[in-house]
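In what follows, subunit A forms one complex with subunit B and a second complex with subunit C.
So, the complex of A and B:
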């Protein structure tokens, strides 16, 4: 008997008249399966997942049937559903109800009215299994995003669910925390046999381990197969989703590879060394960086900063120079001080030593209206902190009365169709672009971006990249702080490594990632034994093609 | 927080101790007992707060003075007038009485200070969670919400500042108010959205499907039972002493104070319980460490 049996499910929201959010979805999910649900934003993934738990199912017109263990879902009691179907959502913060880690762990058990003895045993068990014991007594407010999400998972696992549904659980986490989290999910699946249904942008980490991948588009299931076959299918269909496939898959099909498609970096390495044992062309041209930068748009000299008098220094001598009209990326671990550097540039944090010069003029010499009116602007990490009005249009109108200008910027950011929506109704990528539009209305010459790719799928990332390129053409200098090495490798002009409160190395992306062996892109890790300086999937594909031509 | 043995005891023990200590201190006016209360309270407060505690204690001193000298202004009873303000006498007895009331105030401040350190919010909710589950959950959620709001407000203000929408130095009051209103509005919609997610997360974990139970992270240990017994013993003895009139003290119109008797000993013993525990454990730790 299938664990979940979805029969011809069709669903539409009451507000959308004719548009079906789910259209004739039929699926069967076996016990213990690990299933990846992929698709662009708005393809109906979340809507489908929410249907699998009655209390979370949105209101709307629904046809078709969902069977859980052979019983129609509506007939399974709320209590059983709460315990047996675990659901982890996207936002780590808002899901947490209580203020202490131990209390949160027990929350579900308290709701179900378990007695002290059972609760004690379950909580202890979960704390050990998830490695929470060290921070068991802490305040939730003091946890990192990764810890919060792990806590959410643990508090659901405490109820011993049979199936675990995860809706983009790592979109708000940094890459290391994200892969930690996904490894834990995999461990649960393997060691406990819990059925896992997960949606994710970061397919690199989960795609190879999934039993099945299901691709959705426009509310329909367009593919349902093993991950290896899905890659092939999407490539043949020229589907937009192909861009989200793991690097080895993209390289393999991009260079018309033969044999079994590699899914992991390890498989990719084996495949590359078999196909190109002795490549004639093994490197790509990598420009060196000019040491002398004339008229830098931004120059930082020995910035030192700490948040409180007695706290340790966050910035410990940050120095950097950013040439005009370039896209400058700063990468580095969590809590290294990257975002603080951006705050120091816009004067939200005041460094106690060192100098910030914007277009050659020290920042203190600017008046606030002068600095933020047409010179400098920052897009914060959470785009929501910029929205203060009921519609995107009103929000943009807060910045300027000039409607022509609004229309122009809206066109650049491709949000013309979203102007009358409430900012909170938009998807992560749409919010990001609307917030960017608001920032651009100040007509900055120097644009600061704090984690612009956080929580955005690969499709929207490409859109964002296209927007950034357009801005660069207009002569705008962009400084970006990011965890997303793939994005930086592909689009940045210069990349800096931030570590221990300072900028350690700066180079062009090729030389920067090409010379790193751990902190680098999947494409580089996969190809570094045969090629050098190939840091994106496109680079590897190009080298493969050059070699093939050389062989012929 | 500084390491404290009493804080590790069961919240019920903590709570009952403070009920006893504060409860007795509000009814006792006998100078010897007041002095005992101040000293024991101050010692424990210092043990909990370290050097920083001195600041609070010293700041209570002017408070004590002011309350003392103010009382005779309102209370004109008393046999020995010191001087007259207009036609109203300012009497020595009323001054004494003021000192006694001020002492009570100081004692209460000290014990409440200790209470705050020892009985943290989670202990409190843990204690009353079983009695009133829904209210205690509400309290817990509020405890979480307040710092969350503060953080989000700062985030919004920072974000607005970095696009030139912050309050400039020479903004008028009206502009400041308008900007505050905008931030508040943004904060509200953000909070509302968050609360929808929180609500979903609660219902997804079975909130409302059964009668809520309450997870107790603390257990009553043997030490806790012993402490409870000792506390009960001292309190009963002190109450007994009170019933013999040992605590009697009247200030106006004439000062008449009962002689000091054994009740003082039981009272002091009771108030010293946390201090003794703290010192004993620190001492035991010191010895066991010196043996290594």
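So, the complex of A and C:
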């Protein structure tokens, strides 16, 4: 008997009459399976997942049937559904209800009305299994994003669910916390046999371990197969989702590889060394960085900053120079001070030592209206915090009265269709672009971006990159802070490593990531033993092709 | 290990009793005992800051007594007459001091309560009454700091495009602040909706909710309660034997102090010193244990 049996499920939201959010979905999910659900934003992934738990199912017109352990879901009692179907949502903060870690862990057990003794035992078990014991007594407010999401997972696992549904659980986490979290989910699946249904942008971390991948598009299931076959299918269909596949898959099909498709970096390495044992061309041209930058758009000299008098320094001598019209990326770990650097550039944080010069003029010489009206602007990490009105259009009108200008910027950011929506109703990628539009209406010459790729899928990332390229052509200088090494490698002109409150090295992406061996892209890790300076999947594909042509 | 490590119910009973005693007893000796113990215990817990706070209270008490004597003229022992010819009496002066000291005592005890009684203890005690109410309280405790944080975040984001609450002229500032506030409200509603989804998904609407606690009622708590109730009984006896009674109007009249009264005073003093005693005793044990190592 299948764990979940979905029979011809069709669903449409009451607001969108004609459009079906789910269209004839039929699936069967076995006990203990690990299933990855992928698809572009708005393809119906979340809608489908929410149908699997009655309390979360949105209102709308529904046809078809969902069976849970052979019983129609509507007939499974609330109590059973609460305990047996665990659901982890996107934003770690919004799911935590109480103020203490121990209370949150026990929340579900309290609802189910267990006695104190059972609750204590279960809570202790969970705290040990998830490594929470050290921060058991803490206030939730003091936890990091990764810890919060782990707490959400643990508090659901305390009810001992049979199936775990996760809706983009790591989209708000940094890469290290994200892969920790996904490893824990995998461990639960392997050690406890809990069925896992997960949607994720970060396919690199889960794709190789999934039993099955299901691809959705426009509310339909377009593929349902093993991960290895899915890559092939998407490549043959020329589907947009192919861009989201792990690097080894993209390199393999991109260079028309033969044999079994590699899924992990390790498999990719083996495949590359078999296919190109002695490559004739093994490196790509990597230009060096000019030491002297004339008229930098931004120059930072030895910035020192701390938030409070007695707190440790966050910036410890940050120096950098950014040439006009370039896309400059700062990468580095969590809490290293990257975002603080951006805040120092736009004067939100005032360094106690050092100098910030924007277009050759010290920042304190600017008047506030001059600085933020046509000189620089910052896009914050959470685009939501930029919106102050009920529709995107009103929000944009806030910045300028010039209708033409708004239309122009909306066209650049491709948000014409979203202008009348409430900003909070948009998806992550759409919010990001609307916020970018709002920022661009101040007509900045220097644009500061804080984690612009956080929480958006690969398809939207490409869109964002295209927008950034357009802006660069208009002569706008862009400074970006990011965890996303793949994005920086592909699109930045210069990359800097931020560590311990300083910028340590700066180089062109190829030289920067090409010379790193840990903190680098998957493409580089996969190919560094045969090729050098290949840092994106496209680079590796190009080298493969050059070599093939040379062999012929 | 201090008093805060005791079971919340013990904390609650103790502090209710001690506050009630401080307010109800007008008898100068009982009041003085409670005042001095509150003074010492708040310093024990709060250090220099508490000492400064308590010290500020003393002139305030005196000021209150002076204010009181000028506006209340009961009593028979006239000290002198004030400018407009009203009597200033010893009785009203003493009563003014009694009121002031009792208010100061309550304030000092409250500073102790504040440091002992953490929010999760409040949540726990409410959980005993109604698990739903306590859940509501816990949600509130989580939401308030979150809203503060979000307000800061929105303001920072707005500052990044020159629309912060402290940018521009006064009118712009006002407009920016109102916008930030309105968005903050939207955000709060939005995140409460998500939180309620997460709660329902974990069965919060099911019947038969129980409150989980990390507290255990152990032997030390039992000993503490026994001593506590012994002292309370002794004090109740004092009340019944009119040992705590005193009249200030028209003349100060109190039950004569006998050997037995001293027993009651001692009982009340032990009661007021209990948390302090526990903490000093534990510290002594640690000190001794370290010496033998």
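Convention: the second predicted complex is superposed on the first by the 552 of 552 C-alpha atoms of A that agree within 3 Å, B and C clash if a C-alpha of one lies under 4 Å from a C-alpha of the other, contacts with A are read in each partner's own complex, and residues count from 1 in each chain.
Keep in mind that, in the parts below, contacts are C-beta pairs under 8 Å (C-beta built on N, C-alpha and C of every residue); 3 or more make two chains touch, one makes a residue touch a chain.
Quantities reported herein were computed from a predicted structural model and do not represent experimental measurements.
Participant: Could you check whether subunit B and subunit C clash or fit when both are placed on subunit A?
Facilitator: With subunit A aligned, subunit B runs into subunit C, so clash.
Participant: Touching A:226 in the superposition: subunit B (first), subunit C (second), both, neither?
Facilitator: A:226 sits against neither subunit B nor subunit C.
Participant: Could you look at A:141 and tell me whether it touches subunit B, subunit C, both or neither (first, second, both, neither)?
Facilitator: Both subunit B and subunit C are touched by A:141.
Participant: Looking at A:505 after the superposition, I want to know if it touches subunit B, subunit C, both of them or none. Which is it: first, second, both, neither?
Facilitator: neither
Participant: Between subunit B and subunit C, which residues of subunit A are contacted by each of them?
Facilitator: 53, 55-56, 78-79, 82-83, 87, 89, 91, 93-100, 102-103, 106-116, 119-120, 123, 140-141, 152, 155-156, 159, 343, 346, 348, 368-369, 371-373, 377-378, 380, 382, 384-388, 398-399, 424, 438-439, 442, 448
Participant: For a test of understanding, state which residues of subunit B touch subunit A in their complex under the given definition.
Facilitator: Residue positions touching the partner: 121-122, 137, 140-141, 143-144, 147-148, 151-152, 155-156, 158-166, 168-169, 182-183, 185-186, 189-190, 193-195, 197-198, 200-217.
Participant: Under the touch definition given earlier, write down the residues of subunit A that touch subunit C in their complex.
Facilitator: 53, 55-56, 78-79, 82-83, 87, 89, 91, 93-100, 102-103, 106-116, 119-120, 123, 137, 140-141, 152, 155-156, 159, 343, 346, 348, 368-369, 371-373, 377-380, 382, 384-389, 398-399, 424, 438-439, 442, 448
Participant: Tell me, which parts of subunit C touch subunit A in their complex?
Facilitator: Touching subunit A from subunit C are residues 119-120, 123, 131, 135, 138-139, 141-142, 145-146, 149-150, 153-154, 156-163, 167-168, 179-180, 182-183, 186-187, 190-191, 194-195, 197-214.
Participant: Name, in rising order, each residue of subunit A that touches subunit B in their complex.
Facilitator: My answer: residues 53, 55-56, 77-79, 82-83, 86-87, 89, 91, 93-100, 102-103, 106-116, 119-120, 123, 140-141, 152, 155-156, 159, 343, 346-348, 368-369, 371-373, 376-378, 380, 382, 384-388, 398-399, 424, 438-439, 442, 448.
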